[in-house]
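I have a structure here, written as structure tokens, and I will follow up with some questions on it.
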Amino acid sequence: MFCEKGNALLRATGLSKSFNGVPAVASVDLDLDIGESVGVIGPNGAGKSTLLGLLVGSLKADEGRLIMEGRDLTRMAVHRRVSAGIARAAQIPQTFGRLTVAENLRLPAVFGAGLHGAEAERWVEEVLEMCGLAELAGTDAEHLGLLSRKRLELAKAVAARPKVLLLDEVGAGLTEPEIEQIMELVRKLRDGRAVMWVEHIPFALRGVCERLVVMDKGAKILDGPFEEVWADPDLQAIYMGVPDDEVA
Amino acid sequence: MDRHMNLILLAGGFAAALAGAFVFEPGMLFLLTEVMVVLILAQMWNLLAGFGGQVSLGQQAFFGLGGYLLFLGANSTQIPLWVWLGVTPLIVGLLAVPLGLVVFHLKNAYFAVGMWVVAEILAAVFMRFDFLGGSAGIVLRPGGASMTMNPERLVFFIAAFGFVAIIVALRLFLKSTTGLALLGMRDSPDAASACGVDVRRMHLMVFVIAAMGCAAGGSLYYITTLYISAADAFQMNWLIVMMFVSIIGGLGTLTGPIIGTLLFIMIREAMTSAGFSGGTYWIVMGALAVVVLLLAPRGLWPLIRDFHFRKTGRVTR
Amino acid sequence: MKLLEIDNIAASYGELRALDGLSFSIDDHETLALVGANGAGKTTLLRVLCGLMTPTRGEIRIDGVALAPGDPRAAANAGLALVPEGRLLFDSLSIEENLLIGQSARTGIWSLDAIYELFPILRDKRRLSPAALSGGQQQMAAIGRALAANPRVLLCDEISLGLSPLITGEVYAALERVQAEGTALVVVDQDVTRAARIADRVACMFQGRVTFEAEAATANAATLKDAYFGLTA
Amino acid sequence: MIQTTIELLFQGITLGGLYGVIGAGLALTFGILRVVNLSHGEMITIGAFVAVGLVTVMPALPIALVLVGAFAACALIGGLLQAAFVERAMAFRDPMVPMLVTFGIAVILRNLLVETAGADLRGLDVGGIAQRSFQIGGMSFGALPLVTLVLAVAVFVGLSLLIRRTAFGREVRALSDRPEIAALMGVRVKHVYVKVAALAAGFAALAGVLLAMRASVSPYSGVSYLLVAFEVVVLGGLGSTRGAFAAGVLLGVVQIVSSRFDSNAGLLYVHLTFFAILIVRAISGRLS
């Protein structure tokens, strides 16, 4: 895969964030391009959630810059980044319990994607269809089961028409067959946008992401084609520790 | 269907308000006007806390301000009382903008009690300065002359029709895309901003609307009493009423505060006619609020609705 | 008889399933290395064991006696003590007070003096706030605080997280001395190989279940890796 | 001129000590229980009324025993309310629920007081001490304010010793740091909460008795005192007893000085001072 280094869709340079003097993300560079799907893994405390927070805007970076299509997003608030084209699906579905599924999607369609009237209605229909929620359109979100709420959370992010779709452990808490369904859905969502999927179950990323980023202790350690990174001995070292024979 | 419902509500409200204004005795009109004012206040506190998620313990500030601005404006200018009645909420709304920008720096409980301090400051200011009435208060003398008419019929009509209009406006608003954003924020402000909603601006908007509504309530109430004093206008009881009826009826619903208000008035009238003191009445209301908070924190109306849902399988909103 | 039995435990955070019918047991004097990727449910299991979380089903038994679920005091009195991830010492208490507050549950060999003997540095710093200590010293204080309750099973969560290799070595050396006193251990560590070296058995968790269990001496690295990343399922 | 200033400062500091005491009680419940206890003001007035009642029934009762009686009565009420209602409200994830419950309790208590003791202003007559005063360098200092100050300092020192030197204080600090881990260590969380609530109510009662000696109180006075306590907590910073004392003194001095120049302003300048500091902090971003 060839990607022109000069004009990535989203470019983070030197992103850093500390909490009480303890660095959580230390000088991370990351490029994302349309059509790419990137998996991010890393052990506890690697800084994955913090990195996501910095991209979404719920956290303010201490240092570094975030540029999207030539616009500087570094100081932009969450809601404005959504309009600029960055949306996230959260780990614990943040759906609006007392709104119907369709109303849940109208919000990002109107306020995120900036659509109006019939155009917004059509787009909501389309997203409902795409995410397999069409039959639940009129149900209040609080009456949905977990898998449907996970789908709705994804659908809400998609309904904002993001160019960069960030997925935060959307497979967490699901059974394996359910995760397969989510994988199927994410595969459909890759077209025309960049997808970045943070997950602690690497098998879910396999078969969806062609690129893999490994983080540890706040830094980006590995970044490259999925299978290459997956076979890298460093990956095993980060997760499993250094085997006895190599210490000796 | 919905549009028809709103038209029916408006027409029915107009007719009922008009009929009521002609039919009832002045004493009854006074009570009914108070009911309407409480309904408006409760709906405003509900808008702020139930939909906007901002619990304020200082809404009596806007109520008192509404009353005082009306008296001061009408007494000292030649602008007709009824015009000034319409202008007062607008002025209070304008004042609420900078105030909101300051108090929004306070979060949750700090915001709640910070607003209370604002109300106390206003009470002390109006009590302190004689040109604002001082501790003696102000008598309503539009244009410097005594009231020539008995205002209660017109005030009742305005309050009753105004309340219906507010309900219809809120129904329309909640159907709009901005209203949808507010309903979303009711469940999760974070998720709303993740959908692109400017939560801070929405908060400010709701804060200003609630301030205007409370001011209108204050204006209407004090026209019927013809006299205003700081000790009465800025007193805590106004807040307690709007808060208790919202909590007891059901926060975050349009029907809840109406049910709460009806309970409030019925219990009060029943207890008064049975000879109980005002203090006993407040003890009962306080106990009711505590029990509802602990056992059904969403309030009575959602409880009734869920029960109805379970029985019939139909959702009433 | 087994010292600690965990029988078909399930637990969830709201709707998120964290433990999904998990069973295993530990003998007296035994050390178990509990491994698994992020989110596999290790921390949740430890929280359930020491009563910070109530399981939705299943039973925990100590010496065959069922433990009241979701009751931290009962767990402490029955002999379960936790060294939590991130140490979580009380910053408003001095080091010595941190140790003293751990003492309420049971009596036994781990007196204040015994703990100071295990970690002499803590005696020097006993008047200081935990904030004034290095990460390694804080970890020692956290272990000391848990030992003060004289547990039968010491539960250690992410024991080497954020520590240098040298300090990690010291911490593990101390754990070996705890082993020698007859206390059973459950050790959760990012560094699987490090934890396995101290353990009698290794159990690997994936998606809220134990998917692989073996004697530590015979555990095959490749099989373990597959279990760890969920590739055996 | 200087003498007047010193006299004013002295009065301000003695009143401020009391403000500090009621603030410390509120800070205690907020810091440990994480509940903004809006019935704190009622504990102040109930304390005062218990004292009035005691003195009426037993006029010869020494002031120390009056204080003990008021403390005990309010500690009992505060502990019971915590165990019966607030504890339940704390189970809700929304922190507004316990706050609103304590507000409801405040309304109930206030009106119970009105029903049992009447709505009138009451003063506490403790005999000669209120009039006694002594002269230093041409300046006059009241004995009562001095007793007040000594008592306020004693409360602060006692509280500080209790929190820093005792096993109970150790549990309280642990609970305030990390409630979950404290529970793991065998701390009986709910017991400690009840004791803390009782202690805070007791302090409020002490302050109430002393406030009733200075000026009259009515069942409705609790609201103003609650706001003062809240201002002390916000200005002094959470969990800082020294901060509470300093903020109390600041507001006390403002109150005394302002009433000297503007006798019918009530608490206006106290509230304005608070609000002004708040705005400055908000703008400089120190509150978030």
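By letter and in written order, the chains are A, B, C and D; residue numbering begins at 1 in each of them.
Following the convention adopted for this analysis, a contact is a pair of C-beta atoms (placed from the backbone, for glycine too) under 8 Å apart; a residue touches a chain by one contact, two chains touch by 3 or more.
Remember, it's a predicted structure, so these values are computed and weren't measured experimentally.
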Next item on the list: State the smallest step count from chain A to chain D, taking one step as a move to a touching chain.
Entry: 2
Notebook entry, point to check: Can you list every chain that touches chain B and also touches chain D?
Noted result: none
Note to self: On a CA-centroid basis, which chain has its centre farthest from chain C's?
What the structure shows: B
Note to self: Between chain B and chain C, what distance separates the C-alpha centroids? Give it in angstrom.
What the structure shows: 56
Check: If you average the CA atoms of chain C and of chain D, how many Å lie between those two points?
Finding: 44
Notebook entry, point to check: From the C-alpha centre of chain A to that of chain C, how far is it in Å?
Noted result: 32
Check: Classify the inter-chain contact topology: is it line, ring, star, complete, or other?
Finding: ring
Check: According to the definition of touch, which chains form touching pairs?
Finding: A-B, A-C, B-D, C-D
Check: Where on chain A does chain B make contact in their complex?
Finding: 56, 58, 77-79, 82-83, 87-88, 90, 94-99, 103-104, 106-108, 110-113, 140, 156, 160
Next item on the list: Please give the residue numbers of chain A that touch chain C in the complex, ascending.
Entry: 43-45, 92, 145-146, 149, 169, 172-176, 200-203, 236, 239-244
Note to self: Looking at the complex, which residues from chain C come into contact with chain D?
What the structure shows: 50-52, 72-73, 75-77, 81-82, 84, 88, 90-93, 97, 100-102, 104-105, 145, 149
Next item on the list: Please give the residue numbers of chain B that touch chain D in the complex, ascending.
Entry: 55, 57, 102, 105-110, 112-114, 116-118, 120-121, 124-125, 127-128, 135, 236, 240, 243-244, 247, 277-280, 282-283, 285-287, 289-290, 293-294, 297
Next item on the list: Give every residue of chain B touching chain A within the complex, in rising order.
Entry: 177, 180-181, 183-184, 186-188, 190-199, 252, 315
